[in-house]
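Chain IDs A, B, C, D and E follow the sequence of writing; residue 1 opens each chain.
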Amino acid sequence: GTGEAEGGGNSDSDEPVELTVGAVPVPHAEILEEAKPQLEEEGINLTIETFQDYILPNEALADGSIDANFFQHIPYLEDQKEQAGYDFVSLGGIHIEPIGIYSKNIDDVDNIEEGTDVIMSRSVASHGRVLALLQENGLIKLDSEVNPVTAEVDDVVENPKNLNFDASIEAGFLVENYERESDALVAINTNYAIEGDLNPTEDALILEGSESPYANVIATRSENEDSEALQTLVEVLRSDEIQSFMEEEYDGAIVPVSE
Amino acid sequence: MITINNLSKTFKTKDHTVQAVDDVSIDIEKGDIYGVIGYSGAGKSTFVRLINRLEDPTDGEIILNGQDMTDLSKAQLRLERQKIGMIFQHFNLLWSRTVYENIAFPLEIAGIPKANREEKVLELIELVGLKGRENSYPSQLSGGQKQRVGIARSLANDPKVLLCDEATSALDPETTDDILDLLVSINEKLDLTIILITHEMHVIQKICHRVAVMEQGHVVEQGDVLDVFMNPQSKTTKRFVQQLNPQEGSVEELKDFITSDERSKVVKLHFVGHNAKRALISDVSKQFDINVNILQGSISPTQEGAYGTLYVEFQGEPETIEDVMNYVKTTGVGVEVIDHVD
Amino acid sequence: MLTNIFPNVDMEKMWVATYETLYMTFISVLGTFILGILLGLLLYLTNKGNLWENKSLNSIVAIIVNVSRAIPFIILILLLFPFTDFLLGTIRGPNAALPALIVGSAPFYARLVEIGLREVDKGVIEAAKAMGAKTRTIIFKVLLPESMPALISGITVTAIALISYTAMAGVIGAGGLGDLAYMEGFQRRNNDVVLACTIFIVVIVFIFQFIGDWISKRIDHR
Amino acid sequence: MITINNLSKTFKTKDHTVQAVDDVSIDIEKGDIYGVIGYSGAGKSTFVRLINRLEDPTDGEIILNGQDMTDLSKAQLRLERQKIGMIFQHFNLLWSRTVYENIAFPLEIAGIPKANREEKVLELIELVGLKGRENSYPSQLSGGQKQRVGIARSLANDPKVLLCDEATSALDPETTDDILDLLVSINEKLDLTIILITHEMHVIQKICHRVAVMEQGHVVEQGDVLDVFMNPQSKTTKRFVQQLNPQEGSVEELKDFITSDERSKVVKLHFVGHNAKRALISDVSKQFDINVNILQGSISPTQEGAYGTLYVEFQGEPETIEDVMNYVKTTGVGVEVIDHVD
Amino acid sequence: MLTNIFPNVDMEKMWVATYETLYMTFISVLGTFILGILLGLLLYLTNKGNLWENKSLNSIVAIIVNVSRAIPFIILILLLFPFTDFLLGTIRGPNAALPALIVGSAPFYARLVEIGLREVDKGVIEAAKAMGAKTRTIIFKVLLPESMPALISGITVTAIALISYTAMAGVIGAGGLGDLAYMEGFQRRNNDVVLACTIFIVVIVFIFQFIGDWISKRIDHR
């Protein structure tokens, strides 16, 4: 609970500090898992709570049942803080999962035909990100008054190729859609792409660059901002060992960050 | 014991009202077996259900042991009902309970502690002849055995009155006799008042002391069974009395004997009660120069003496036949010339 | 050998998930049984011609039952957050799934209970009334025992539906076999895990069906 | 018309086998109304269900119009069944169909086009007296009316044989008479062979020409109704004959008349058939110095003449009584001294 | 005024979602009705003492029915992907949801059909046999018409469950009110949208229940 987190970081103490962090299974929970031994050395006993959606980890953080969470990027965090009035802070980014747009039949952005389907996850949190990526590649134009992070399909103002957006597919089904809906563009989060035996760097038609603002962060309640245990957690996650684990394990599909 | 005054019950449904029981007044004495007979829809069931207030009367009063059943509170009514046993045509046993548990049910309802129930239940099981079947479920019993359980159950709370609604109508003739014998013996042993609904005349004949005949909610006739049998007034009653002697109804076969010959007359003889002259035919044959052919009919014993009808043919001189007729009248046997059959 | 056919199946996780599924199913079956019988009794008793005949109460209960039967499970979980939080102090884990599971299946079971109660012979109820029984006695000694086989086979059907329902409770971290199949099997394309979970689920289904059939046969003396 | 040879049917269940029908051989002639009577479980239903192969016989043959029912293919059997009508105790009407549609059902099964059905159905509705009720559903009919629909339905395909399994057992006595009359009139009008199962003796008495008595799968007695009535051989048959005259059974009331007095004897007189001497009592009274008291009993007409039993008391000198007994024997009336009642 | 209470509700989207829900429900109810009756008839007919008595076939059908009743919906969708793709050439949209909806609810309905068929008076079936009826005639002219009220009230229950099921079909882009409530309401924290969708669903439920009750009353001449 909260109490332990606040008193955490006192490595002189014999009692290990309990830390509970919420995460989605891949890759966040796996990265945390990898960090466990190092944290133990630092006197921190890490418990990982896995979540399947993007609303509840923040709810759980708000009601105090976890000390921090590790699943979201800054734009989403900001948006959620605004919408739900959370008093959260980011303790720093750990990695970027570049989102990619894949297609079985389309091999070049220039060959995208009129009326092509664009399939993306039903997670509202990622819609803006996909749309921003499409905008960067000149396929659509978003309403300039809208923050690209929270943009919705409705905010597309220019759509020269008449792309057809389907933004309601279960994220877990995206790879299956890539396989079967061969004429469509499918925006797949990197974690699902990896699990679906896709290699983002090779298979993606469009891949987010490392300049992406979507670094995944450790988030916690403002009151915990100075928690030593959480600071230690961030440090460990940015350590060389963990960073090289990410690079190797995820085949370049995950880009570690350290700022 | 039970006095019913001007009892009425009207059912109102969407499209019409039914006067199921209409201004019925009856007196039933302690220890009576009181029969109520009538055709389907006559209001018999409604009548008996009014007595224990399964239906609320529209009008009238039911005085049971000096207690007016119509002005009881809910709680009082429940207590009162515990003193009225009821037996149903379809037994209405709980299939989820054994014979023992079914009979113990009214005792549970009356709040009698478990320990005190056992003796009573076993005694009743013995009484209705089901010893050894305590742990059977109703589905393992024959119709007659089920009705015995029903009877035992209705007696569990030592009721003063037993209501039977077509208690034997679902049983075959054999079993019916069996159950009726049981009812008579209980009536005698426990001095229980029994009100018995039926549409079968022979049930009335066999065990009832008094009878009321219902038709369209009215009691059209009531009194001692023999009185009603002897002088059926209403058409309904006549038809029921006929039921008892089916041959009496089918008088068509008499046609062949009804001729215009003055020397032959078809006569109906009606024997009623203890002093019915059983030797009548023999007497007449001796005293008069006349032949008596028995055509059809029957004589049977009832609770109150012999009862029956014989159709006979008198053969002889017209004057002799006339004399015979007059003689028969003096013996108390009913006599009637049948000169046509319709 | 089994590890050849099921290379990705982690038996420890399987047992944990099985435990979670069984835990959620048991508790929610229990809750559904009680709440469903209560609602079913209310539906039955307030119906026309029955002991507590009451048209408006009957309509209200019928509306509640119909409405909660139709609300999608995920919305139901959401709507019950405040209640769950108040009751359990958390909105996550197997326990937090229970309110939604129970509220989602009790109305369905209530309908089955009502159907079962309607089958109880009116004559038997009348006989109890004629003996001077209280309504409570009629409920507990006549209505429920006489409809028990129907109540049992109804809860068997409901329990089997609940097993598949628990999979959806995965969204609030309740775990269970359905969730394991989805998370570890499907999402990671480990078809062996999907298969293994499905087999476990089927086995549980058959055990439930068997127990249900056995009990209902045992208590049915008709 | 129907010849049944050594028919047997064994049911095998988990814990025991039941020989429901056991080596039954019967000949039924065209136009007969053939009754089969027996207690519950005697195998009557199984017997009749064997005839139209609703049950497969274990052994024996059923020859119907020269056709052995036991070696038909499935398709042939269906065609053959269309020529055998069947009436059920519980009517077995489809509640989802109107009277008209129920009666048309066998015609649909036989593949008769819709247009051709109408005439036949309306004719049958007329025949069974249900005109005007064509569009009623079974639930809107009384028991008797339902059975009329059942009868009409069974006649739709102009069957040569009608099987009735307890066709009247679910009906009240009134309605039973009604339905039996209808069966007799159909039998006469259409020269239909009827096999009629029942456990009620008066049904046999009223309409059957011939009767078989079943007991535990065997036919213990068969023949003309009167023959069987007159000389009941088996205990079962005797009990059934008693059913017809319930008073005959309850001979307890005779006890009071049975004394050790040599000058009084209780005698059972048995009248059978067309030549039963109806004037016997009158004759005896005239010819002998003796008094005849009629105690109980009944005489009734049957399809084949009068039939009945009277219990009488002879009062007179012992020798005279002896003479009377000898005289009665010469008249063809059965006579038997009753010296004890058990 | 309504826009004050429901500031985020877009009526056009609501109507589209309503149409999608109704479309999916109608078609899948139809499919469930047909498939369920087929399976139910098979279950009934192959049972002991019935026309096609066949213990092994009966067990096989029973296993299929039990298993598909217990498989979580999301896994069912997944397992049916190849079939759906083959049949419709797509795995997205309302049509793609239909196979899973039907396969998910038909077994449940099949059980209700079986129960209904069991209630058909054996005497009536025997009467038809005695008249020389073919099995086909018995099925279509006796079994189905005589059990029709039970079949109708069964499909009503199933249809209402299907309405809530369609929400889950949102995961493959089938849309509908349940999905709208999740996407626009829950995920965007617009409680008014959740409420509006729930109201719409409830209204649909009542219409279904009303129609079901009305039909089953009309055809019931018992």
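By definition in this document, a contact is a pair of C-beta atoms (placed from the backbone, for glycine too) under 8 Å apart; a residue touches a chain by one contact, two chains touch by 3 or more.
Note that this is a predicted model, so its numbers are computed, not measured.
Common neighbours of chain A and chain B, listed by label, are C.
Ranked by how far their CA centres sit from the centre of chain B, the chains are topped by A.
When the C-beta contacts at A-E and at A-C are tallied, the pair with the greater total is A-E.
With each centre defined as the average position of its C-alpha atoms, the distance from chain D to chain E rounds to 53 Å. Centroids built from CA atoms put chain E at 56 Å from chain B. A separation of 90 Å divides the Cα centre of chain A from that of chain D. Those residues of chain E in touch with two or more other chains are numbered 74, 78, 182, 186.
Along chain D, no residue makes contact with two or more other chains. Counting partner chains per residue, chain A has no residue touching two or more of them.
Pairs of chains meeting the touch criterion are A-C, A-E, B-C, B-D, C-E, D-E.
Within the complex formed with chain D, the chain B residues making contact are 40, 172-173, 199-200, 202, 243, 245-247, 250, 253, 278-286, 290-301, 306, 308, 310, 313, 315.
For chain E in complex with chain D, the touching residues are 121, 123-124, 126-134, 137, 141-142, 145-146, 148, 219, 221-222. Across the complex, chain C is touched by residues 25-26, 49-53, 56, 59-60, 63, 65, 172, 175, 192, 195-197 of chain A. On chain E, the positions that touch chain C within their shared complex are 66-67, 69-75, 78-79, 108, 111, 157, 160-161, 163-164, 166-168, 178, 181-182, 185-186, 194, 197-198, 201-202, 204-206, 209. Considering their complex, residues 85, 90-92, 170-173, 179, 182-183, 186-189 of chain C touch chain A.
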